[in-house]
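In what follows, structures are represented as structure tokens.
Same chain, two partners: subunit A is paired with subunit B first, then with subunit C.
The block that comes next holds the complex of A and B.
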């Protein structure tokens, strides 16, 4: 029995191959990459304008952010838009509805692990093409205050990986609702709206009024976007940010496993 | 044809109500962004919170109306890639008209109504003088804005005939235009302000009319008379965009079949 089970090493290799294939696939669409960058740059300039005007209107400082830090926050954020999954994708729910999920279950790697590997590969390619041009443009236009230590960047990279994992887990959980209900589009849209607001995509979460800030800190959303920016910017303790991210990843990972196990036992796939 | 498509959307009441609610919620979160900025900066881009609310409400209403009618032009690239466009081209109805009526999204009314509420409330709160000219501007500005956003959607749709995979670039002028239009233009860096006034006329949708209505001081290069530019600019824009659309369709060579 155990002889036919793939070894742990070959599973890890399979996950790595999934991630690498996803990485290469993204880099094929050159025109799409350029178009995304153009959009990213324009939105970055608009966002930087707004935050700089707000800092100026507040007398030079908002919640620990001066003009240069606000500008850095925007351009680091523009590096992450498209790396961290921010927009509703119902791909998995469609696979469940169509029955394609049966194929995923037959693979030699656990399904959630396989999907996550592909997501991390996609994110890595997106990060690779974005970081240099976005930071260069930020430095030229509105200025950057970024760390010189390689260690800070490494911690930032780790935080980005955790943020991608966590954001993926959130989408996965909402998509898995398809195991119980027919149409998940409404849930996906509602989730996206709340996530986009509370993760720190538009303004730093510490700029929120107290009541909204308190609500935000009780959710995993700041760990999906604001946390890696804070780690690179040096706002607060990076270890605390990473610890909170890890705790949410563990929590949502457990929830995913429970939901998958319960949902799959009642799932019926038609045909053979 | 159109009325059948509209009726079909409201038949599933639960799902339609959910969609309406999601659109309203989306509009509320966008408003929270404006609110958070002004919560920290009492004067933002030369405007107070109430004045910025007029800008937001006006732009949100105009964009919601345009998105309802023209929003699905976003996905022209899918129709191009799959060759669906061919089946539309052989029908004796103009292509643009077919694409628009194929999917008028009534759920966008959720955004329109939130925008309208904020617009009316903030106009009352700002005690805007309701003389003849003021009233004319209050009513005509959302319509002019809708026409401008509509033209931007068609422009972005036309670009997809050339870009196909790069359809995202079109978002710069549609969703980027919406984003800029919803904020006081005084907060924009000069190059951004110039681009979103003279190339993509987003600042003319809400900022200039709102500033004139509420008596906020206009920043360079705006003049009070420009509050009335909305309609003429919309007409001009539609003329240009019409040519662009026609050039795009002519460029379309089909997917074979």
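The block that comes next holds the complex of A and C.
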């Protein structure tokens, strides 16, 4: 038996396989995809009409958004709802509680890396099925102000990947509380409310009152949803948005590593 | 060479009131290539031992080496050299075809195509997975899934295969097929088997050595024959007869315990070392027509009780 350290490339292949597996998993549930798409469409139409009414009521412009930009914000957002994990999922907490985390620990891949790879694969499949129908619907119903440059879309895609990573890290941190407490659903729901509000899901974060806007900018939440929309819309510097996202990914990445290490050590040391 | 070596291995769990000693100064040495049956009732310390051996639990005291490694700090390195099958958990990707799980695991273990494809082809052949390779794991029967789980644990050709209650809930045919496969894997590749179960049948057919654990301590370590000698454990054969009988002539080592159902059912005890189940059945069948029969192994709890009674004498 040889124990040579395998190459970096083969490490990437393992994570790639995990992401690809997760991608394929999602696409197996066709009926579920159709159901979420229908929900997405209805939700998008409701949001678009609310925002357009607000813009019209404010005299045609709110915080730099005119009617076309507001509806573009809505439909780009609809491309991302379900791509970026927005709803509370206690899957990992349940794996911890049921002891199935043992299976993850007995695999020769770092657990957080494996989970993130799976999340990115899932997000990619969700993005694939959403983008074309949502943008088409938006173009037909309200019209869209979207970039023509391939480069803008590429930056947007990069920003989406960072947003998914960041949102995943947030959920991971809350789920990891299960290593200390028995029941995490309350924390997950509280986190979901705060995250959904501050990430820019309901209205663009720049519409917030000044005090809330200031608080919001000090959190990672706008980088989870508003940032990729801004990058595609061309609101502000895309490089600044990407830089802020990257900084948050690094910060939360470090935090999850610390929490995971402490939590696993505790589990390994105390049992259960 | 010892593939598993523990010395005074101890593990306590903190409970609301005091501590619970799940494993109490276990000394265990398993040679590479051995097949060891690790038996115990529920809560006896079997799972704790597995967690300590695989590095997902830290010992409270004592030492453990698996494949020469200290399991907790070397957990991921160890994961490349051992395979673990949990009867009650799944390592497979639930909603993907069974084949995909093998491909993903091969990538996780960083195996080149030229290594894992022939290996998986061999496992598919030996465990007869061919007809449901393309089916999502969630659609498989328990027996099919367990065969898949065992193949998954063996994709990377581990030196040590740890099986945690692998036959729980399986029917007799599936159990036999699994046991035969594990026997072959061991003969051909020298894979060490560490099997925990509370089914004595599993162990008797697969393992030449058994360790019985009770309240965190090894109550017995030896061969099946040793166990029968130490405990005098008897197996029980119950036969349903077409015509009623009052009594039977039995070979030495067998005893008629009871005649029930107005003579239509006989309950016989016999010592495994003295008379075989086949010989006893032949003897009964020579005296009456047998409609049905069941064979009961002694329960682990009874064996443990006998071991203690014996050592107290």
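Here, the second predicted complex is superposed on the first by the 261 of 272 C-alpha atoms of A that agree within 3 Å, B and C clash if a C-alpha of one lies under 4 Å from a C-alpha of the other, contacts with A are read in each partner's own complex, and residues count from 1 in each chain.
One rule holds for everything that comes next: a contact is a pair of C-beta atoms (placed from the backbone, for glycine too) under 8 Å apart; a residue touches a chain by one contact, two chains touch by 3 or more.
Nothing here was measured: the structure is a model prediction, and the numbers come from that model.
By the touch criterion stated above, A:219 is placed in contact with neither subunit B nor subunit C. Applying the stated contact rule after C-alpha superposition, one finds that A:14 touches subunit C and leaves subunit B untouched. Ranking subunit B and subunit C by residues of subunit A touched puts B first.
Once the two complexes are overlaid on the shared chain, A:34 sits against subunit B while remaining clear of subunit C. By the touch criterion defined above, A:94 reaches neither subunit B nor subunit C. Overlap of the subunit B and subunit C interfaces on subunit A: residues 29. Partner subunit A is touched in their complex by these residues of subunit B: 15, 18-19, 22, 25-26, 29, 32-33, 36-37, 39-45, 163-169, 171-172, 176, 179-180, 183, 186-189, 191-192, 196. Residues 29, 31-32, 34-36, 38-39, 42-43, 45-46, 48-58, 62-63, 142, 183, 186, 189-190, 193-194, 196-197, 202-203, 207-209, 212 of subunit A are the ones that touch subunit B when the two sit in their complex.
On subunit A, the positions that touch subunit C within their shared complex are 1, 3, 6-7, 10-11, 13-14, 16-18, 21, 24-25, 28-29, 99-100, 102-103, 105-110, 267-272. For subunit C in complex with subunit A, the residues that touch the partner chain are 11, 13-14, 22, 48, 51, 54-58, 72, 75-77, 79-81, 84, 86, 89-91, 93, 95-96, 100, 103-104, 107-110, 136, 159.
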